[in-house]
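Right after this note come the structures.
One chain, chain A, appears in both complexes that follow, with chain B as partner in the first and chain C in the second.
Moving on, here comes the complex of A and B:
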């Protein structure tokens, strides 16, 4: 048996929607269990007092990367059939900045705002309403910004292709980056906690 | 430095595991590199059952019905391709086939002048796991003989009339003409083809997916 299961015709369009629904529910559940349904928890990372978001996300990246790497190396996944977003460098940098600003101001990112709505948080509902309004504004403004949205197209590229490195070497580098990040974030958290304690003591 | 695993926290163990997996990964290539494994029995069975080819009649029918669920690959050199190609074909010489963007679940029809180069390309693709690769049976020779310049009987029986009309229509569709009697196919001028597009656009063919 080979994955991607859908591409190899193991199930059809209808069943794939059910699978997507199941995965979506699980995704939301684990976001909530990680505490990401709370804007306080999420924004704490921008004040460097709690870097759980960074750690959880990077752990997810490393887990998924190693899993996909070894499964396809062993021949269970045909990586050439796995879809990933094409790269548009400039618009994606701009989009990342806009998303980051929204994240700091609103306290959620798109996925976590839905989780917040599911647990009945008012600020989550407001955020989600803003998100939907934003989609609408983007759609209406699309003719005016189409040239930016489609600028600097690089096609479907991966880091090994862009840098001309061995695929496995990039895997190792990302793992090292994550471990270094975890170590550094714990340091930062301890340093911030110490600073806060000193402020309180004064 | 302490290496003892038992003394480490759960996070520490997981970090070591990730580091180990990352180190082992350096030697690997998830795309399989250039090495392939061949299931000889499977290939033999396919050849025996003749499921590995498409006839020129089938292909002509697909083109006329504007089917888009297959890729037609011309493995001849670029010059031959410029002179004539079957409508919809993409020119990929065998040497470039490995790097060409094809998906393993696509139906891929390969053709060359006769059948030899197409068969080599077919073997290359099948060995690399392209399950949908097929050969156009007897290649362009057959295409000329049966589709572009079909030989029609001088005095058709009423039974043959429908098939004859169909052959004439197909031939005209592809810009050829039926020949009568013993004329050689080579004596006819090949139909003019448009200059091939500068490379295919596989990205455009892809259905938009993702979140």
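Moving on, here comes the complex of A and C:
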């Protein structure tokens, strides 16, 4: 048992910022490689012509999920020391809906808009300005909406805990769901391409 | 799609200030499954090295809190949301792990884009909308994104990806709702993209 390295004191706060910068570089690199610096590529997900958002996101989730699951099982990492956001079910449902609408209207999410700005997209810069304005509005409204923001607190719970299933079984179910989703995505893309070709031919 | 993308490339090439006729054609994007594995390994590295996931909206919250504090310290400290983002072990509200990570995201995006010939000044939009309208939508969508991300305590990076791979309940509820909200809204803004 030696990971997470930072939590076992292998390095301090200042060095962790260097780690952050390095991890960020790799994160931004793969976002751009995937085409996620382009709002057209990202929003094509919601018009079903290019489902790269789903494919990339779920491949990433499955990769990281399997990695941390097996390394934890092998005793290499203490899973209880890996932080994730606690569940506040209602605000996360409402926030997800609002964010999803913002995604298809604005064309980006926060991380991808940073990549868009870095690769010269003017709409990415304006999106970031909007993001900052939205956060400011939220902050100003916070005292009035604090009860909603902090509603339905469930703590740091996982799907296996809530559904009373074994962790490994949920991991397997997520993998199967992702594989089914990938298979379906390829079918939808082919179907949409055929439909467009037929429209052009007319 | 190929011909549409080609047209978009020509359109964007016309936008570049220093763009000349010899400008290199952008390289195709990476296979989405390979890019996903790459992103997943980056996320796994964050778990193993730091004991935490990735994020993107946090640094902009720090920026807003810092700016509010600069304008009116009393106002910022009287607001529990802003004051939380002003407390920081590292000595400055903008000196955070996520701030350095997002600076890296910008550099990493620039490196990948430059290697692929994809760095050019352009506005991403469909053929049926003016640049001015597109920028208005970008601002409005960004504002909704900011509100949604703060309500949900994270965005696509911090909540969906990072919490999703650890099977967090809120992360999965959030992720399903992001897709639901975007698909529900897509028809209304279709002129912007198609």
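The rule we apply is simple: the second predicted complex is superposed on the first by the 201 of 202 C-alpha atoms of A that agree within 3 Å, B and C clash if a C-alpha of one lies under 4 Å from a C-alpha of the other, contacts with A are read in each partner's own complex, and residues count from 1 in each chain.
The rule we apply is simple: a residue touches a chain if its C-beta (ideal position, glycine included) is under 8 Å from a C-beta of that chain, and two chains touch if they have at least 3 such contacts.
Since this is a predicted model, take the numbers as computed values, not measurements.
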{"item": "Chain B versus chain C as contact partner of A:25, first or second or both or neither", "value": "second"}
{"item": "Contacts of A:165 with chain B and chain C, given as first, second, both or neither", "value": "neither"}
{"item": "First (chain B), second (chain C), both or neither touched by A:175", "value": "first"}
{"item": "Chain B versus chain C as contact partner of A:62, first or second or both or neither", "value": "both"}
{"item": "Partner chain(s) touched by A:121 [first = chain B, second = chain C, both, neither]", "value": "second"}
{"item": "Partner chain(s) touched by A:133 [first = chain B, second = chain C, both, neither]", "value": "second"}
{"item": "Chain B versus chain C as contact partner of A:73, first or second or both or neither", "value": "first"}
{"item": "Touched partner set for A:85, first chain B, second chain C, both or neither", "value": "both"}
{"item": "If touched residues of chain A are counted for chain B and for chain C, the larger one", "value": "C"}
{"item": "Residues of chain A that lie at the interface with chain B and also at the interface with chain C", "value": "7, 62, 68, 77, 79, 81, 83-86, 156, 167, 171, 174, 182"}
{"item": "Complex contacts: residues of chain A adjacent to chain B", "value": "7-9, 62, 66, 68-70, 72-73, 75, 77-81, 83-86, 155-156, 166-169, 171-172, 174-176, 178-179, 182"}
{"item": "Chain A partner contacts - residues on chain C that touch it in the complex", "value": "1, 8, 29-30, 32-33, 35-54, 56-57, 60-61, 63-65, 68, 79-82, 89-90, 95, 97-113, 116, 118-126, 134-135, 137-186, 189-190, 192-194"}
{"item": "Residues on chain B engaged by chain A in the complex (per definition of touch)", "value": "11, 15, 18-19, 21-23, 25-32, 103-105, 129, 203, 206, 209-210"}
